[in-house]
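In the two complexes below, subunit A is the common chain; its partner is subunit B in one and subunit C in the other.
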Partner chain A sequence: MAELSVFAYRQGNSAAHRLDPRIKLISISLLSAAILAAQAAGLFVATGLIIGATIYCRVSLRQIGHELRWLLFMLAAVWGIRALVTPGETLFSWSVFSVSRTGVLTGAIICWRWVIIIFLGLTVSVTTRTEDIRAAVEWFLRPFPWLSPHRIGTMIGLLVRFIPVILTHAREMGAAQRARCVENRKNPIYRLRVLGLPLLRRTFVTADHLTIAMEARCYGQGRTAYAWHFGREDGIVLVGMVLLSSVISFC
Partner chain B sequence: MNIIEIKNITHRFANGRSGLNNISMDIARGQFVVLAGANGSGKTTLLRHFNGLMTPQQGVIIVDGVNVADDPVRARRTIGMVFQDTDTQIVGETVYDEVAFGPENLCWPRSVVNKAVQTALDQMGLVHLSDQSPHLLSGGERRRLTIAGILAMNPSVLVFDEPFANLDYPGVRDVLRRIVALHQEGHTIVIAAHDLEKVIAHAQRLIILSKGCVAADGAPNELLPSVEDFDIRRPIELSFGHAVQSWLN
Partner chain C sequence: METRHSLRMMVFASLMAALIAVGSYLAVPVGPVPIVLQNLFVLLAGLLLGGRWAAASVAVFLLAGACGLPVFANGTAGLGRLIGPTGGYLIGYLAAAFLVGIMAEKANQRVALEVLAMVIGSMVVYAFGVPWLALVTGMPLDKAIAVGLYPFLIGDAFKIAAAIPISRAVRPLMRTMPGIVVAPINGERA
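On to the complex of A and B.
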């Protein structure tokens, strides 16, 4: 079956695992907002914390780099474009291109923020079961019954559950096609068609089987309520996160 | 008393193809039934009628005295169904969540759900894997997980669609041993299979489907000599004049 990604939940019993998932969602929302507003000093504080959290979660940096290589590449491109298009004191120039000092700095800050936010998401996703995230999202959506929180919750759960399955299908099909020398065909449109269409068809079949299997197990409107356990630590963490977010965003 | 009664059902697919043709059968409570037939003979289609996942154009299905069309949810609680493909029926992120899915859908109180999950995991020998991700289980363990997922809902009939597909020899024996134990505990068992050798030694009744019709229905010993007429391989022991051997010995 599917391989697990760095973002997949890891079993454990740390304080981060035990924290109420609603508090985790509030915390990452607050911290993300603070980080997006923060300047260099705040970002230093946040970086220190996130390095600590990543070590605490024991995630392999090399695997993260490998899985997020396209995202990192995109961030680098954002930085480059920022550096080129922002007017200001010129650092160096080459023919029509000139790199400005403010461009390099603002670009760096933007990318830095996003990297911290990605790691923040990572620390939550490796310590929280999808089931808990799903329940927390459902809980926050409860005041908006017209959004049918229950269905949205199920959709989130299934999405997380099935992304690895679809990726595995894609990898298997790709391997089978390479075994028949698809690489000799240079036309990318052709390659996309022979891989994309069967994959899409298989994904629909998977979805169809899944629906039937869920129906056979009486999936309907109601479900047993999620067992919340909001404790003292959760309250302390919540207050701590509010303070921390204000520190990060104002310094 | 019959737990499942099927009266003259006919199913035609949306594209006009005929799936089932005037099928009737009664399955007694506690019976161990093997439903055999070549690929495409209609086994899966028939099983999906048992609990209202598909509806016939003609005929009725009665489960435990109630018409399935009137109360499909009741039929789904009475009949637990294990599908052929494990990948597409496991919805939980952990073994525990997967088994809890059914009981939670029945809105049982949390404590009852926990108890049902523990019992089902224990019966399938999965307690030690409770927090594991289903991705990381072996083929046999994953098959057992799908069985635990329906056992937790406490059904009286267990229906298996090709339960031995993609299993190695130890996997087949492991799953078979647990199915036989469930039968001894009093569950009614229906197994759909395209080959008989793995399971027929334990069956009390053999029903053969061919092109959407019941081609034969009776005691395994009587039907086995002629199964090759319906594109099903005859277990090899019969050619040497022996009785079929259980895979558990």
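On to the complex of A and C.
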């Protein structure tokens, strides 16, 4: 679940942890775009990079596999469908099904790209605090005059903070209702109502309390600014990522 | 300056976004396809918050996910999820929440219009999700509809039916804060 996921932030003091969050976001955007444009050779380079990064972040591959099992299943399904429906030179056929060579290859490349991009997201999630990502998002949204970056930043902070709280509420309600034999009720509308309504009601009451607490603490637009540390290493990483992305996309 | 109304709506929208994120874990196991609560919460965001704040709520959820915060299903994150096979549905949520919100504001709590708004909203989710699924998997559109639309229709009808009593019960909570009189701002109903 959300709070125990491999995707949650882990304390650490590695170079990846210390890197400016803005650089991290720029890097994953560049790399993702490059990977989407890349062919097999570029994907090999990216895979090497990702394996290195995953080991560096000390995330166990077994855990990742467990968390992502549905996603991997979905990707396998996409690959299978691609192999079956793409026309082209037939590799082998069995009754009405025929597997084409181009289908297998394009399917493999597409799924491979996704796996790499998902792992890229993982490396950022594991090494970056919510606060840092929020500050970086605010920084990137500054040029848009019709948006209020502070407000969006606060909303992101609240969203991430309240996921485990609401999940705990939901589990409590689920347990309370199972204790009252809700599983014997077959009417799905009833089931949806008794699950959704108390959860929503409790969330809105929480929101009310939170609003009062924020007002009591004089919440406003004049927030303490985030302290940015853009050092030499950040510059080097940025240049490196631009070079790497161009290499990957042209391979 | 933050007015009380906008601060409150901001907190509601953020918590609604958290509910949408949690919704992917919550399912009612009735029938062959479990009914996942995520799009129920998207529809409810539209009904309860109105167009702009509902869109803000879903947009914050998507933005946080795209930037690497683990808010998508199974605690995943990143652009990979948005461009993956189910990414179209996630983008569709944004349009659906906005449309349902706009129509619910106009509906003024008339049940038939709210139901219509949610039906249109659900269709919008599939209008984004199914072609994207077809494009990504290379399936022909009719097969994409068969796996990406038909299995969820009954569940969606139940969700729409459940959303009406839920929104009726929750709306009074939004109108007043316990112990505090909310002043109308800019002629808006607080």
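Basically, the second predicted complex is superposed on the first by the 223 of 251 C-alpha atoms of A that agree within 3 Å, B and C clash if a C-alpha of one lies under 4 Å from a C-alpha of the other, contacts with A are read in each partner's own complex, and residues count from 1 in each chain.
Note that in this section a contact is a pair of C-beta atoms (placed from the backbone, for glycine too) under 8 Å apart; a residue touches a chain by one contact, two chains touch by 3 or more.
These numbers were taken from a predicted model, which means no experiment stands behind them.
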item	value
Partner chain in contact with A:Ala8 - subunit B first, subunit C second, else both or neither	both
Subunit B versus subunit C as contact partner of A:Thr206, first or second or both or neither	both
Partner chain(s) touched by A:Glu215 [first = subunit B, second = subunit C, both, neither]	both
Partner with the higher number of touched subunit A residues, subunit C or subunit B	C
Which superposed partner A:Arg142 touches (first subunit B, second subunit C, both, neither)	neither
Contacts of A:Thr130 with subunit B and subunit C, given as first, second, both or neither	both
Contacts of A:Arg223 with subunit B and subunit C, given as first, second, both or neither	first
Partner chain(s) touched by A:Leu158 [first = subunit B, second = subunit C, both, neither]	both
Common ground on subunit A, meaning residues reached by subunit C in one complex and by subunit B in the other	1-2, 8, 130, 158, 160-161, 165, 206, 210, 212, 214-215, 219-220
For the subunit A and subunit B complex, residues of the former touching the latter	1-4, 8-9, 11, 129-131, 157-158, 160-161, 164-165, 206, 209-210, 212-220, 222-225, 227
Subunit C residues within the subunit A interface of the complex	1-2, 4, 7-8, 10-19, 21-22, 25-26, 28, 30-31, 35, 37, 40-41, 44, 56, 60-61, 63-64, 67-71, 73-81, 83-86, 136-140, 143, 155, 158-159, 161-163, 165-166, 169-170, 173-174, 177-178, 180
Complex contacts: residues of subunit A adjacent to subunit C	1-2, 5-8, 24-25, 28-29, 32, 36, 67-68, 70-71, 74-75, 78, 81-82, 85-86, 103, 106-107, 110, 114, 117-118, 120-122, 124-125, 128, 130, 133, 136-137, 151-152, 154-156, 158-163, 165-167, 170, 186, 188-189, 191-193, 195-197, 199-201, 203-208, 210-212, 214-215, 219-221
Interfacial residue positions of subunit B with respect to subunit A in the complex	48, 51, 53, 73, 76-77, 81, 83, 85, 87-94, 97, 101-110, 113, 131-136, 142, 149-150, 153
